[in-house]
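Next, two complexes with chain A in common: one pairs it with chain B, the other with chain C.
Moving on, here comes the complex of A and B:
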């Protein structure tokens, strides 16, 4: 315990502006893994291992670390998306399915209201006709909406698939093992692309953004939910304290793995702030790029459109 | 590629034999079929071209142009280039896989 405490102190005293040259752009072979410097290949491997280790405890840890608030952030993301039935969503780095399940719930309830409104207009139908209309629409409870969950980590996908089974999600949901930098999907296919708490772990963010652009239909929307930067100095200090003192301990106590959670809090510090990420998204070709801070910038939702 | 090919077939035969007993929710005992709607979206991540076909015997998605096959494990297609298996050794022949 003394070891990590010393380490935390060392980290807190490190100037915030530790080499930001390597922001997931093609800037040479050296990259950051949290506050360490590693090669691109090492980074991929280390990150894969982090998520392999945390997969089974991922949801529990999310709840503990964020005191359950991550659920609200994800709800806000899907509400911002406001999908209508028939939407085709690609959820990248969506491993355990949080966004996918929310999407399905959302379009299902929108669809229900659509059907209710339709039935209200058919007050003069016979019972036979009403019964038949229920039969037809039963096969369309999602209105042909679909979500494809793509993740590079097999363990995370496994957890997601199991969750789906337990919670009863089956229709309109598929799982693919793929790399965000090299997506196995055709051009101009999806209405919405989401990446929630995943883009931070991508090694070449520019490639991931280009791929996002490629697979979206014209008119499609890019949505990114990610930890970002708190500008308020007091809040920032409290946030740092919480991140470096509490989270790795929680990681050790709950998941038996403080190192992975140490990586997590470090990687948040290394990730580009709001404006910089906005510029990167624009570089990939997106228009009307904007962001919305949640909780004073602890988290931000970036949005862009392919025209 | 030959040995790995046989090994995977053996694995599948074993798991389909143990079948209905282990239904504890992990679902990894049975070789799960691929979600058919997925084939609409999937392409080869390398060439970005549509895949030639789904090979039921080996539970793989074949790209005949490049002569590679992507495995499907637990019903999840593994669409990363590192996971692809060569179906030919040299130049692509008539598209037949090695026995």
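Moving on, here comes the complex of A and C:
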């Protein structure tokens, strides 16, 4: 019932006419795929193919397109999250696992500091007491934190699993195939839900946001890292130039796929700007919704709480 | 253009459901008579069966209506209050806030509502202590007004008020230096200064200070200095029951009293001297005119 009412509100508050279709919302069969107009089904298929094609070269392309800055953006996202040991994270559209690995590293170092503090505290105790505390404490390095990486694309998950093996991440990590618009998880399960550079590719953003609300525990946090709109006109011109002239060429040279990267760049332009995304997140039921611009709005982190 | 109406009326449904569930748990033991009045399904199903709407309310076991509507600020308040009991162990940090949120049934991610350096937690604690002090002073004043207690002399009143306020720090005394340093961060100075001055103001108000002249400033400056220095002494005091701190406080208050007495004495002496000089001048001028007349 609540789902239906939320969707109703979303429909009622949207402007009617052509702009609706361009924003990729519940506007009937016509949707945008980059600058083309396609149906919902076509859009899903095309996006699936895009990521199937780029999966193997995804990380390399990220580095070359953003000149490595995407690593900083993802670091900032995890720092903003500031997870404590025991947090259960759901990383949606997390394909190659960048956020998941950073989360594990962060939690591991926080846990180490915690243990060090405990040991310092222990220096006043007797040997007997210290031994007893070893029995009680599970000195697990992650402190029961876990991350579930969910992606709709099998290829991306495969690449992610290979990366995890290669980098030595084994515990606290799970890989699940799933659609952001219809998550295969129960209600009230996760502490944090992140979606980094993925929500742009979701066909029905409002559904994804509602699913995010559903699977989060009360008090849980929604974090979205995504390309957004640059308001500074000069920077915007330079950014457009770079996006449309350089990136597809890089795509052809490095990944052998100019079209996919053309889509990527166009989809950034089609994505709602910061304030509009903030409104959509509030519509889904989140509170204290806020956003932080990184690099003048090239990228923005939106945050909301399920209260 | 989105609907502007509903955001201010939206209830915090998830946390409201949690509170309802925990209230239900508390009330279930004595449910017998009102069974038919309110069927209590297991707590897990509560979220779905709550009446949805801007002001969800339910009729509790005792037949009272309780508003579940709670603002974000109130929820944050509750989280911070719950976090205080974890401060001795974790310090004034986001970890303590996360533990506090856990006790309320919220996710640990709720600590993200606040700054990671614990500023809000400390400011919340300080303002709670100040409110407690106000209540204490108000109660004492009432007793005096009803004639059940003697009105204390000023120095004793100040001493007791400052001691009562500082005693509230005792459970957190180990981590208090950390809190002081956070309160001195540029970002927090306006709020922490505000809280300090309003507390000092309160104490003087209940001490019966009604001055409207420059004394108002000097009194507050003096008491602020006494409070701050005593607080610092307390940080590194290891005597039993903080005796050294209270003795220090006593001495400082006595100093302040002596200083103000000396000030009045100096003033009256000065006036007397001036009058003497005036008198001498008048005598001399009279003597002069009388000689001129002769």
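Assume the second predicted complex is superposed on the first by the 269 of 307 C-alpha atoms of A that agree within 3 Å, B and C clash if a C-alpha of one lies under 4 Å from a C-alpha of the other, contacts with A are read in each partner's own complex, and residues count from 1 in each chain.
Throughout what follows, a residue touches a chain if its C-beta (ideal position, glycine included) is under 8 Å from a C-beta of that chain, and two chains touch if they have at least 3 such contacts.
Treat the numbers as computed from the prediction; the structure is a model and nothing was measured.
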Touching A:186, do we find chain B (first), chain C (second), both, or neither?
-> first
Which partner reaches more residues of chain A (counting touched residues only), chain B or chain C | C
Touching A:152 in the superposition: chain B (first), chain C (second), both, neither?
-> first
Pick one for A:247: touches chain B only (first), chain C only (second), both, or neither.
-> neither
Touching partner for A:86 - first (chain B), second (chain C), both, neither | second
Quick one: classify A:288 as touching chain B (first), chain C (second), both or neither.
-> second
Contacts of A:230 with chain B and chain C, given as first, second, both or neither = neither
Find the residues of chain A that appear in the contact set with chain B and again in the contact set with chain C.
-> 187
Which residues of chain B touch chain A in the complex?
-> 25-28, 35, 37-38, 41-46, 48, 50, 73-81, 83
For chain A, which residues count as touching chain C in their complex?
-> 1-2, 5, 9, 12-13, 15, 80-84, 86-87, 187-188, 190-192, 216-221, 279, 282-283, 285, 287-288, 303, 305-307
Of chain C, residues touching chain A in the complex | 1-3, 6-7, 10, 12-15, 17-18, 47, 52, 72, 75, 94-95, 98, 101, 104-113, 116
In their complex, what parts of chain A are in touch with chain B?
-> 146, 148, 152, 154, 157-158, 161-162, 165-166, 174-179, 182-187, 189
